[in-house]
Structures are given as structure tokens and as C-alpha cells.
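Read from first to last, the chains carry the letters A, B, C, D, E and F; within each, the first residue is number 1.
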Amino acid sequence: MPITRAPGARFIKDPRDVRLEDRVIRGDAEGDVGLLGVPWDGAVGGRPGARFAPSRVRGFLYSMPLNINASIVDFGDVDVVIGDHGETMRRTREAAAQALKRVKELLVIGGDNSVSHPVFQALNEMEEEVGYILIDAHPDIRTVTEGLTSGLAIRMIREANPSMPITVVGYRPHSNPRYLMDEARQLNVRIITMNEAEEVGVKGVAAQLAEAYRGRRVYLSLDMDAVDPAFAPGVNSPSPGGFTSREVIDLVSRLSKELRPRVFDVVEVTPLVDVADQTSNLAAAVLMNAMWPQGDAQ
Amino acid sequence: MPITRAPGARFIKDPRDVRLEDRVIRGDAEGDVGLLGVPWDGAVGGRPGARFAPSRVRGFLYSMPLNINASIVDFGDVDVVIGDHGETMRRTREAAAQALKRVKELLVIGGDNSVSHPVFQALNEMEEEVGYILIDAHPDIRTVTEGLTSGLAIRMIREANPSMPITVVGYRPHSNPRYLMDEARQLNVRIITMNEAEEVGVKGVAAQLAEAYRGRRVYLSLDMDAVDPAFAPGVNSPSPGGFTSREVIDLVSRLSKELRPRVFDVVEVTPLVDVADQTSNLAAAVLMNAMWPQGDAQ
Amino acid sequence: MPITRAPGARFIKDPRDVRLEDRVIRGDAEGDVGLLGVPWDGAVGGRPGARFAPSRVRGFLYSMPLNINASIVDFGDVDVVIGDHGETMRRTREAAAQALKRVKELLVIGGDNSVSHPVFQALNEMEEEVGYILIDAHPDIRTVTEGLTSGLAIRMIREANPSMPITVVGYRPHSNPRYLMDEARQLNVRIITMNEAEEVGVKGVAAQLAEAYRGRRVYLSLDMDAVDPAFAPGVNSPSPGGFTSREVIDLVSRLSKELRPRVFDVVEVTPLVDVADQTSNLAAAVLMNAMWPQGDAQ
Amino acid sequence: MPITRAPGARFIKDPRDVRLEDRVIRGDAEGDVGLLGVPWDGAVGGRPGARFAPSRVRGFLYSMPLNINASIVDFGDVDVVIGDHGETMRRTREAAAQALKRVKELLVIGGDNSVSHPVFQALNEMEEEVGYILIDAHPDIRTVTEGLTSGLAIRMIREANPSMPITVVGYRPHSNPRYLMDEARQLNVRIITMNEAEEVGVKGVAAQLAEAYRGRRVYLSLDMDAVDPAFAPGVNSPSPGGFTSREVIDLVSRLSKELRPRVFDVVEVTPLVDVADQTSNLAAAVLMNAMWPQGDAQ
Amino acid sequence: MPITRAPGARFIKDPRDVRLEDRVIRGDAEGDVGLLGVPWDGAVGGRPGARFAPSRVRGFLYSMPLNINASIVDFGDVDVVIGDHGETMRRTREAAAQALKRVKELLVIGGDNSVSHPVFQALNEMEEEVGYILIDAHPDIRTVTEGLTSGLAIRMIREANPSMPITVVGYRPHSNPRYLMDEARQLNVRIITMNEAEEVGVKGVAAQLAEAYRGRRVYLSLDMDAVDPAFAPGVNSPSPGGFTSREVIDLVSRLSKELRPRVFDVVEVTPLVDVADQTSNLAAAVLMNAMWPQGDAQ
Amino acid sequence: MPITRAPGARFIKDPRDVRLEDRVIRGDAEGDVGLLGVPWDGAVGGRPGARFAPSRVRGFLYSMPLNINASIVDFGDVDVVIGDHGETMRRTREAAAQALKRVKELLVIGGDNSVSHPVFQALNEMEEEVGYILIDAHPDIRTVTEGLTSGLAIRMIREANPSMPITVVGYRPHSNPRYLMDEARQLNVRIITMNEAEEVGVKGVAAQLAEAYRGRRVYLSLDMDAVDPAFAPGVNSPSPGGFTSREVIDLVSRLSKELRPRVFDVVEVTPLVDVADQTSNLAAAVLMNAMWPQGDAQ
């Protein structure tokens, strides 16, 4: 029936307003940019709900204008297994490995921060001279006596690659036990605190990192709690005094252009505790600004 | 990639839990039950937002178990034109007419109450001996000096068919100017007030209506503001003292079984002002209970 | 400019839809029904905010259709003094006394339950053979060692009139320390628990009270926490297991018709903690159903 | 400093208002009634967050008046292990076993519905002639191909005890795939649907169950989604058309008085998605009404 | 009654705290500054609700201190016609034309961005050498195949005046299809992107515009979505990465002082989706800072 | 029972993550830093609810890592008397006096801004050469004709000490009647407006104040409405255009390090109107950054 349209279609009839959803290739294909969701919050020892981020963030991302000449493939979500962290991580690693073969840049929508580990493992297996940058209020190098937590993702990533450079940007002293600074030194994880970032500015941080990671196959990761709760209230563990929306967009944008990361992930978006979907909307905007490939797609 | 799944897939792996979304036929086809969205709130002189009801209510409806042996066709949404009420109504009428040819029962998800008029016109053109039942806190027979309002849908429907029986169930005196009672008499619209409904009970009301409409091709309509705001806060014009969720489910369920309506619509769901999506969830449950065809589908 | 209208005017152009706001007489005048706000929450030892109830409830009440032939006078709000409970109560008593001289029925919008005391004092001074009925989850006969609380309004009212009948309807055992039952006996306050009310039904309760208070000048008071939190979440002290919206409207409506109370008040509406203004909307509907005078107004 | 008080103390100074928090014995002790929290939502395949129920529900429960002559022991929360369902269930079983030795009635605050299984195992080991009653919108007898779900708790409980009577009250057809009805028959699980419960009323259901379970050591369980979303929006899987607050309080109250259950649990309260804490408040009221022991405590 | 006061009066008794509401002249009069509401969201192809902005923003604006020596006239709201965009626009143009004759500066509270067009038409007819500045995340120069949208306001304004300078400040690439940049060039609309604005700072932007528009009769327009969603969540189409509250206040303040605009409008405030009224409160603060006339009023 | 833990314990098992709650000394003791809550909103002439700030802010503060070598004593809350401002202020003064004898730095959690006065009185009595710095959108030097308001705290503090330097940082012209600027001059209260603060930056303000107050026993006070509503929506009287979270943390942090204040208070946090607890969380972070003593505690 020509007077009907697909459920949920746009109200504005602007044919030149091409959105990501109009061009995205769904399923298993090759392309410039890949999307992979990991709907998993099984390692959260605080407020769960990040399992809903892939669908909510996609909602915003899909409705954004597609302004780059790149083909975009959406591989769907990892088929997680409720209650089985190990199996879910294995599947995540396998899915990431397969995805990385098909695209120049893989965008991953977590999930809690624990999902970065298997994705990194896939990258680490495939590439030489890798490097890791995490934008986060926390360094994620906790030690725990039992149970899971997304607060030790970097510790596991360091174990997976003992020598590559790792930097965490956005550390807030009032949200981290001080022993973590010692751990960071021992694990050779460089910390750029929020204060230091403010001192040199986002441009300065981006320039330093571009310099330090030049030539590496970079894994760039954004834990949304790096952003101030005013801009990103929907996270497991909000920490006052973070980046503004413009700063985080600018930082990721510069690093993407300079370093052309193989993987960019956004983790810890937690729609269950979000306010007016601000965090999902911002995450989508950051993802859009993280796409660096310039393909031949039209 | 077999370890991935479609975005937004279910977390529970229960193959025997067949949902409506697993069986629904999308697009233009014949079947037992049809779905049509009318994302339109252009006639609302209060709180708009009903345009989002088709997608939000479908979200709940699609994820409900499909427990009937009937084929279900989703015709999508009417392709509304922002700012053009007349054209949108014409398209709604046309879409309804085409849909009614293809299914035994057409389920319409509004939209504000004005969308019932063109759907009724389509039914009226096609069938003899029709009848109309509206469950609503208001009789929708206002007169206005200019502009649109969903508050005169029944007046227009009466004009489209001057002789059929029309009943409105759920009238609240404190939410309607008293002149409407006189209008109802003049327009030969039967009013069953909330108090009268309480007196005889939902069973009693259903029995009366089954008796009165026996043999007719019935248009059954539910303005969600008939339901109490505790159960359905997400409507344009909430009126305290309405039906409970169990009553409205029971009433629609009985009328559907008894009268096998050709059309059932749910209107005035307004997600923008809803609380925890309670109204959309209830609307979906009512729709599910309104399906009477017993087809050969499995 | 004829193409402009007053700020906030209605969008629906229905001249026959006469609302309370179209007819109300503002200020100091005689009439059938009077309105008085007491924006005071100074005695609340829990969640304050009832000070905003007069303006929020009026918002809903004013926009309701005026379906009775009675003149309605709005005396405005008592000019409360932040931090001075005594002076505010004195002004409330004086305002109520003046208002009671001008109208047949005075409707008071609290404020916390402490405002009923000075209003009752005004009534008590003016009338013989008074009687008091409170619909409340709590009997409000606490004893405290220091400080104010709205939880002893009935104790003070009993002190003001040691002999009249007092009944509290809606008592929930799980929300009241049991010593209050002994106090009620000593103070000769009759308690009708929620369970007892359910047993005989709202009709039964109304009939009993109509019988018991026949011939008296009645003060009818509704603490909105008598209503279940699903229907009235916006109160200081919500207690699960209360009246439904229909029950409370019916109960007040019957008592108003039968007993023609000199005063009806609604207290403890707390907009700061309300959900989608459900409590204010319901309070307005109850107020509208509490108006019994049939004047000569048109 | 005598002019200070404990943080968060009550504002009303009523020494005779004895609350549960004033009398509860914290830690490991004997008593009439025991409290045990199981902050676990690891089996939820929908919206997690029930892990916060024990602390939120306790907040309401502790501040309720203590009107029974029974000693109450709070054993604290099971020391759950994030990511390890098996270990957490083992600890829950062990904690329940120890608790059951110390009290006449054990009140458990879940957690998702999966926590009922280990608690039942503890009871089952200790007592002869047990029986199980679940108030729930769902029968929780799903079969799944992989992963956990709280939707098969009853299946596991049936496996733990193949012969005892099991009844599920509150089934909604629109929220359950129909194969579950067959499963129920095969598993010898009696289903009382919402419609059947409405037919005979809560009193009738309670009388039937009292008759059927007389003499047994009963495990009474309340999945809060049995209650209508208007009264209990804060659950993982809300299903329209459920019990009212008064019905659920009455049903649990009658069953507790009649059957003196050894265990009563409240599960699936999910504060992360609650509205104005209505679900936690109602859960606390139900818990209070479930206490049947009449000890010698004062 | 002297102990009462007007409903909703202030609680703080500070006679020297003169608010706008204490001085505003309501109705049709001459003055320094004029206020006109346009409660219209009929062109919104996304989330409607801007129709409520005039009353909500006025609420905040009226309660702000009046610190300027200027007479302020509130002309009320345009008498919009639900469903009739054309007629509403005609009335808006006429109302604006009449208002502009009476005041030095006209402040307009939208409404969606489409209302700027008729207001501009009125200005354009009356004045020579006009100029247009829009602060907006979007350039509003879409082309559509059918229906209305507030996304082409600037296109219509350009048609109304093909030669005047038009500048749009605040463009976000991730929220606009790239064809709009080409359109902007063709339409001779200057775009200052958010990045460019950040580069030179708000002071720099203001200085550039002051220079470019010196001597012109300026129409200054603020689409609130230019502001970041953290500061202005209540808009139809939020775009992350926008101006802060201080920046937008500063930018409008500087432009008002420098250019003395004949019209300043605030559009797209959408209270239905706002969070804690932050957007309305900010809009009011901007309006207050936009008043430049220094009259002789006291 | 070893497999249980205290209600509400942390889910992450990280023994090296020492939180304030693990070390705080509760009750009456000596230490480096003291905590005192004043749950009082009796002087608020706007939106009350600050009485809940001490418990809510403590919730966040207690769960923050303790990274300083200082002993921390929590004296509890002042035992306020509902309805008796005078007595509550007397108790606050006495409690503060006793607390100040026991600790180097006293942290006070209001309560509305009126609670600063009695705390200052205690300091003023005890110390010579005091000084007062208030970070606030308002100077709090109103004059009123009757009733209380937190808007004249500084006037009372000036009366208590006519000669010390007083500075208010953060003044917004659009939120204050202009007579207050004259009052400030007469009362010798220095105002640093938001614009001036922006001009020199937070660093500059801190440097100026460090210079001006060097050698004094400083009372540093933060009215949370100084912060922008995007970062601190939960205040009585939000004023757009305020400090960011980073700025307020930085400003308090610098002043604390430089001036080692004897008292630091945070007032006007109003949880009843907060959004996602952002204001309480930020207040806790500021409190943590305000602790300057370096004790011998471990």
C-alpha cells in the first residue's frame, strides 16, 4: 500500500537527508567501518543496565546523517549468554576477530568496560605494534579477592600485552583509591589526570597522544564515565568533574583523525539510569565523530 | 557470524516462546488480523505526542507471546503529512479501506482520536449494518468555532452514519461540560457513564452491548483516557476515576469474543507524557486480548 | 490586538465548554461555594512541599468544566509566614472564619494536615452541633515530645471540641504504631480501618456516616494519603493499600450530597514528590465532586 | 554531643512510635522472624537491578511501626559473588539453612526469582511435608537452550521436590507463551489464572489454598510482577492486569495467618526501574503483613 | 480579606525585590520592550510540545527581578488555530506587525522555529536594512517533498529577503546532512560552526557579528537546540556538543547590547521533554539578558 | 553467618579500596576533620527539601575513597525541631561550637543557607581574625518585612561580625534584585560576579582570595546554586549561568589548600528536586576536595 510506510519511519520528508540507517549494511560483509554491539553488564558490581546500550545507542546513531564516504557494516550484537561471563567473552573475542578482518575500523558499543578485554585480545592477535588509549574516570586496574568487576579491564589488557603503551585519560582522584596510582606505575600504565588534561587542554592531550602512538595500531576506548555526569548521567559509576560533551567529541575526533584506530569502543553507557537519553545520544555523536575511513562509498 | 545476533534480540533463549514479532507478516498481504499505525496527533488541542504511539505500542505488542492460531499482517504506518490534516485523513481512510479487504479484523494504533473517523469511513463504505462502540472518558461530540480537536470524533462519525447505534462507555461528569449530554441525546449517542458501568460491572456492560450490537459489523474503539490515570497516565487528557487495567482488558476481551469487531482501535496513547511506558504496555495487552480470529496459522 | 489571547489560554475553541476559571469570582465576595488555599507545610516532619498544592490543584480545578448552578468565590491563599506556625495558623483561622460567613460550603486546599485545625476552630466557633470526618491512612492523634507534626491534627481538633463525633476512615495497621488505637478509644475517635471499609464497601461507609452525622454541621477532611499510592503518589507519607480513585471520589461525593458539609478540605497533596501530577489532578476531581450547593448562578 | 543525633534519624519525636529498626536484632541470633537479603539479579534476562531491592525494601520496612510481639533478627545479605551464579546460589542455600534453624519464619528479600530455589532447597532439606505457593504473573517453568533466567525457578524447585503441591497464582495469558500451560500439567504445577482469581476473589483463593496446604510447611513466594504495574511498576517484567495493592496484601496476609509459612520471599523488586519507590514501599508493607509469629517479645 | 493573598504569590516578603510580573503591562500598549508568545508546534516533524513554552517560559521570566529602567508590555499569545498552519502564521505576522509598532524591541517566545518566519515578515515589511542572525545547531534550510518542518525556516526567511545578511551560529556536522552546507552557500547563508565558534570564542563571534551587522535592524533568533543538551534538554531535536549556558547568555547579551535587535526570539523550547524545567529557566534568563532598551520607566 | 554481610555492603570485593565509611569515627571524638549535618529547611521560602541533604550527601561521601592521612569524625546531625527555627539554630550553634573544639576543619552539610549563621557564630566566638567567603548565585543580604528566608544569611553574619572581610563569589544579575548591590556596598560585602569570575578564571579568583584572606580563620561556604543547574539541578533556587563542576571543585580545592578554612559548609542541596542525585554526588566530591588536614591517621 503506497500510502503506508515502514513502522517508525521519519516524519520529515527530506530525501537528501541520508541517515546511517539508509546506508548501513546489516549482517556479515566487508566494509570500511564495522559496528558490533556487546549487550553485556555481567561484570558490573554497581548499577547494571549497560546491556541495553547497543540498542539504545544504535537508535541515535542510525538516525544521524551519514556524511562520510565510507561503507558501514553492522555485524549485530554478540550473542551473549546470561550468567556465563566466560562464554560471552569468548564469543565477543571471536566476533571481534571476524569483524576486524572485514573492516578498517571496528566500532564497538558495550556493554560494561569488561567487554574491551576480549575485543582487544582479538586485535592483539591480529596486529603488531598495538597501543591502547582509554578515556575513563578510573584506571580499571583494581585487584579483587573474588567476583567480577569492570574495574580491572586494563589490568587484564595489560596481561594480554605486557609491553605496549597504555594511557588512561580522565582520572579523578576523588573517585579512585590511591593505591591505583602505585598499581599504574607498576603496570606501566600512564595516567593523565583530569587536572592535567585541563592544564594542557584537549588539543594538547590529543597532540601528546598522537605523538606517542604514531605508527601504532591503536585501540581507543571511551568509558562514558570520563564525561561529566551533567553530560553523561547514564553510567554505572558517575564521577563529578569530567569532560564536557565538546571536549570528549573533540578528543575522540582528533585521536581518530590522527591515529586512525583499528578499534574504537564506547562502554558503560547505562540506559536504565540515564536522563532523557542524553548519554546514549552523546555516545552516538562520539561514535559518528570517530569514523575516520574515507572509502569509495557514496 | 553465528555468534552474533540481530540487534535488540531477546536475552532469554526459549525457542518455544514464540512472540508476535516472530510470526508477523510485514507489508501488504492477506491474513486474519491486520495492524495499521496512524502516527498522528495533529488534532490534539492539549498535549501532543500520540504520533509516537504506533512505534512504542508495537514495541510491546511485538514482544508478547503469540498464543492464537491466526495469521497477523502488519501494514505499517499511514504515511502522514505533517501540517496537513485533510491529506493525512484521506490517506488513513484509503489505507484502512485496503487493509479491511485483506483481513478479518483490523487493529489500528492511533494517533489521537481523530484518526478513528477516516477508519470508520472506510468500514462504513464497505459494510452494511455497522455499529460503533467507544470506550472513552469523553463522548467526543464537541462543537468548536475554529480549529481541530480530537474531541469531536464521534460527531463526525455520526455524520458519516446518521442511523447506526453509537455507544460511549466511561463518561466522567467532572471531565465534560454538561452540554454534551444534551448533544448526545440529539445525536442519538448512548452514554454509559463510569458510575453506571460500575453499577452493573464490566460483565454487565459487555452483556448489554453484546445484546444491542448482535449481528452488526462493529467498530470498537478505545480512547485510553477511559482508563484511570494510575493505569494509563500517558494520555493527552487524563481523567481521574476510570477503568482499571483488568476492567479494560476484560471489557475489550468480552466484546471482541462476543461481537467479533471488524475494527478495533486504540487511540490517545501519548508516550511523551507516559510514566515508565505503562500506557503503551497496557495498550499492547488490550490489543492482544482484542484478537478474535481463529485462523489456520500455526 | 484581536489575534492575540491571554497567556496560557485554551487551545480548543469550544464556547460552550464553560470552565470553573470562566465563572469564579476572585477575591472577597459572597457565594455558594468558597475556595481558600493554605500553602503551608511547616508542620511536616517528613517530605515537605505541600505549600505548592494550592496553586497546582487550582490549576487542574480551574480547568474543569463547571457543571453546577452555584456561584464560586476564590478567596485566594492565606498569607502564610515562613517559619511562624502560630501566626500562620492564626491567619488561617481568621481567613476561614471570614470565608465561612460568606459561603455555604468552604473548600480548603492545604497544605499539610495541620491546617485543618484552625479551619475547624473557625467552624467550631460559628456553628452548633458540629461533627468531624477525616479520610486518612492515619488517625493523626500522635503524642510528641517536641516539635510540630501534621500527625496530631485530630488530637488538637478533639481538644477544640471534646464532645462532637469524630471518625477517621482508612486506617492502615502497617502504617501506624498500635498505641494510636488506644489513644483513639481514649479520645473517643472512631476508627474505620481500610479492611472494615472494604468489608462494607464505600457505599456502606457512606451510609453509616450519613446516618451518624445526620443533622450536624460537618467538617469533611481528606488527607490524600488515604488514597493508594498508585493513584496518589504525591503525598508526604504514602501508605500502600488505600482507596482507589473511584472509591475516594464516590465516598466524598456521597458524603457531600448526604451531609452537605460546611467545610471540605484536601490536605497533604505534595507536588514536589508527585508523579505526572496525578495527585493534584485527582484532588481537583474530588473537590469538584464535593460541591453540593445548588445556587441560582448560571 | 546531646544536641546531635544519628544521621538520618526521624524528624517526628514520638517515643511511642516504635519502628522495626528500633527493635531488630542485627546479625546472627535466634528469634521469631528472620530477615535475609539476597542482592542478586544475575539470572535476569531482561531488566536487571533487583540487586538493590534488599537495601531499598529494608529502608521502608525498617521505618514501619512494629506492632507485633515477636523478636526479629536481620541476618544481613547473602555475600553474593558478581559473575558466579553457582557460588551465590550455594551461599544463599547455606545462609537460608542456617537462618531457618534460628527462626520460626524466614523473610527473604530478593533478588530475582532465581534466589527462591536455593532457599527452597534449604527448607526442603530440613522439613517434611513441604508445599510451595508462588504468586506470580508467570509460572516460571520455561525451558531454555542456554543461559540463565529467573523464568524457570519453579521448574528447578519441582526438580528439587517432585511430589509436593505447587501452585502459581496470578497467571496472565498475554504474558506467557501457551506451551507453559502444558508444561504446568506435566510438572503437576497448579495454575490459578488472574481471571480465576478474580472470579472467586482473593478471599476465595486464600480459602482454597489454606484448605489444600493445611498441615504443610509452606514456602510462600511473591514475585512482585503478580501485582499490576500501576501498583508495582518497579519489576523486571511488568504485566498489565494484575493484583491491586489491597489484594496482594490481603492474600499474603490471609495465607500467612492460615498457613504460617516457614519462608516468605518477595522477589523481582527492581528499584532501578521503579517509580517513586512505590514497589519497594508495597513490598515492605506485604512483608510486614506476612509476619505471623506471636512471640514473647515486647 | 487582608490575611489572604493572590493564589501563587511569593513566599518571601521582600518589597524591594521587584519582579517582572510586578511591572509588566498586560495587553495592548506602547512600551520599550514587548513580549509575544506563539504557542505553536504544528511544523514539528519530531517531538512536539513547544506550544507549552510561552506559558512555561513566562513563568520563569515573570518571577525574575526587573533590573532595567524600561517599560515592558506583554501582548499575550498569538491566537493559534490547531491544524491550520497558514492561518496561524498569518495571525503571527499580523500580531508581530502590530507589536513592532508599539515597542523598541520585541521578544518572541516560540513555538517551533517556523514561527520566526512570519515575525520576520512583519519586521521586513516595516524596516529597511534588516539583517538576520540565528543561533542554532541546524541551518534550517532543508528541502522537503511534502509536509511542514521547522527545519526550513531560514529558507523561507531568505525567500522573504533575498539580499540581507544571514548568519547561522552553532552548526554541528553530526546533526546535519552535508548537502545543507552547499545549500547554505547557494542561499548565501553564512555558517559559523560550533568548532569555529569555539576557536574564536563567544566574544570573538559577537565581535565579528557586531562588525558585520552594524547599522542594520537585526532579527536575532535563538533555537535552544544550539545549547548543549546538558543545559537545554527540553528541545525537539537535541544535538550534543553545543553552547554552555554561560556562553549562550553571553553571546545574546553582547549581541543585544551591540546591535540593539528589533526582534529577539527564543524557539524550540519543548517543556514536554524537559528535565526539571532547565530549558525554560535558561530561556527566561537569556530573554532577560536580551533586553537592551533603557527607557524612562521606574 | 560468614556467607552473609552487612545490608547494603559493596558488591566489589577490593580490600584496598578504603572508603570514608571504613575509617570514619562516629559520634563524639577528636580528629582532624569533623562532619556535622544540619537537616533543616525551615527558612526556605521556595522549594523545601534540603533537610534530606545530610543523609543523601553522606551516602555519596561515605562511599568515596579515603585518600588522605587524616582522622575523620562524624558528629551526626543536629537534632532539629520541626517548626522551631530559633531552637534549631541554638542547637546548631552549640553543636558547631563543640565540634570546632574537637577538629581542625569542620565540614557542615546543610540544610538551607540559614544554617551557616549559627555555625559562623560558633566560629566567631572562638576565633580571632576570622573571614568569610561565600560561593553563591545570590549575596543573601535581603531585607524582608516578615518571615524567614535563607536569602539573608550574610546579613545576619555581617551583624554577628561587623568588621571582617566578607566576599560573595558567583553573583548573577538576572537572579538578584539590583538593590542588593547597594546593600552589599553598605554592608561592606564584596561581590565577585559570575562575569568577573569568568574574566579572571577560577584560578584568578582563588589567588585573589588567598591573598585577601591570608592569615585569617576562614569560613568557606558553598551554596550549591552557585553551580550551574546543568551540574546541580537539585537546589531550591536554580540560576542559569553558573560554575561548572570542575570549576567549583577547583575553586574550593584551591581555597582549602591555600586558606585551610576552619569551617567549610555546603548548603541548599535539595534532594527532593534533584535529577539522578547529581547535586548530592557533586556536593560529596566538593566536600572530599575541601579536606586539607594532613593528620597522622592511616
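Simple rule for what comes next: a contact is a pair of C-beta atoms (placed from the backbone, for glycine too) under 8 Å apart; a residue touches a chain by one contact, two chains touch by 3 or more.
Since the model is a prediction, treat every value here as computed from it, not as a measurement.
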Most distant chain from chain B, judged by the mean position of its C-alpha atoms: F
Selected pair, out of A-B, C-F or B-D, that shares over half of its residue contact pairs with A-D: C-F
Centre-to-centre distance between chain D and chain C (centres being mean Cα positions), rounded to whole Å: 37
Interchain centroid distance [CA atoms averaged], chain D/chain F, Å: 42
Rounded Å distance, chain D centre to chain E centre (Cα mean): 55
Rounded Å distance, chain B centre to chain E centre (Cα mean): 39
Numbers and ranges of chain A residues touching at least 2 other chains: 11-12, 45, 51, 82, 146-147, 149, 228, 230, 244, 273, 275
Arrangement of touching chains [line / ring / star / complete / other]: other
Contacting residues of chain F [partner chain E, same complex]: 45-46, 142-147, 149, 151, 172-179, 194, 198, 228-230, 233, 238-242, 244, 273, 275
For the chain D and chain F complex, residues of the former touching the latter: 1-9, 11-12, 28, 36-37, 39, 51, 54-55, 58, 74-80, 82, 91, 94-95, 98-99
Residue ranges of chain A touching chain D (in the complex, touch as defined): 41-45, 47-49, 51-52, 81-85, 146-149, 272-273
Contact footprint of chain D on chain B as seen in their complex: 10-18, 64-65, 67, 228, 230-231, 244-246, 249, 275-276, 278, 281-282, 285-286, 288-289
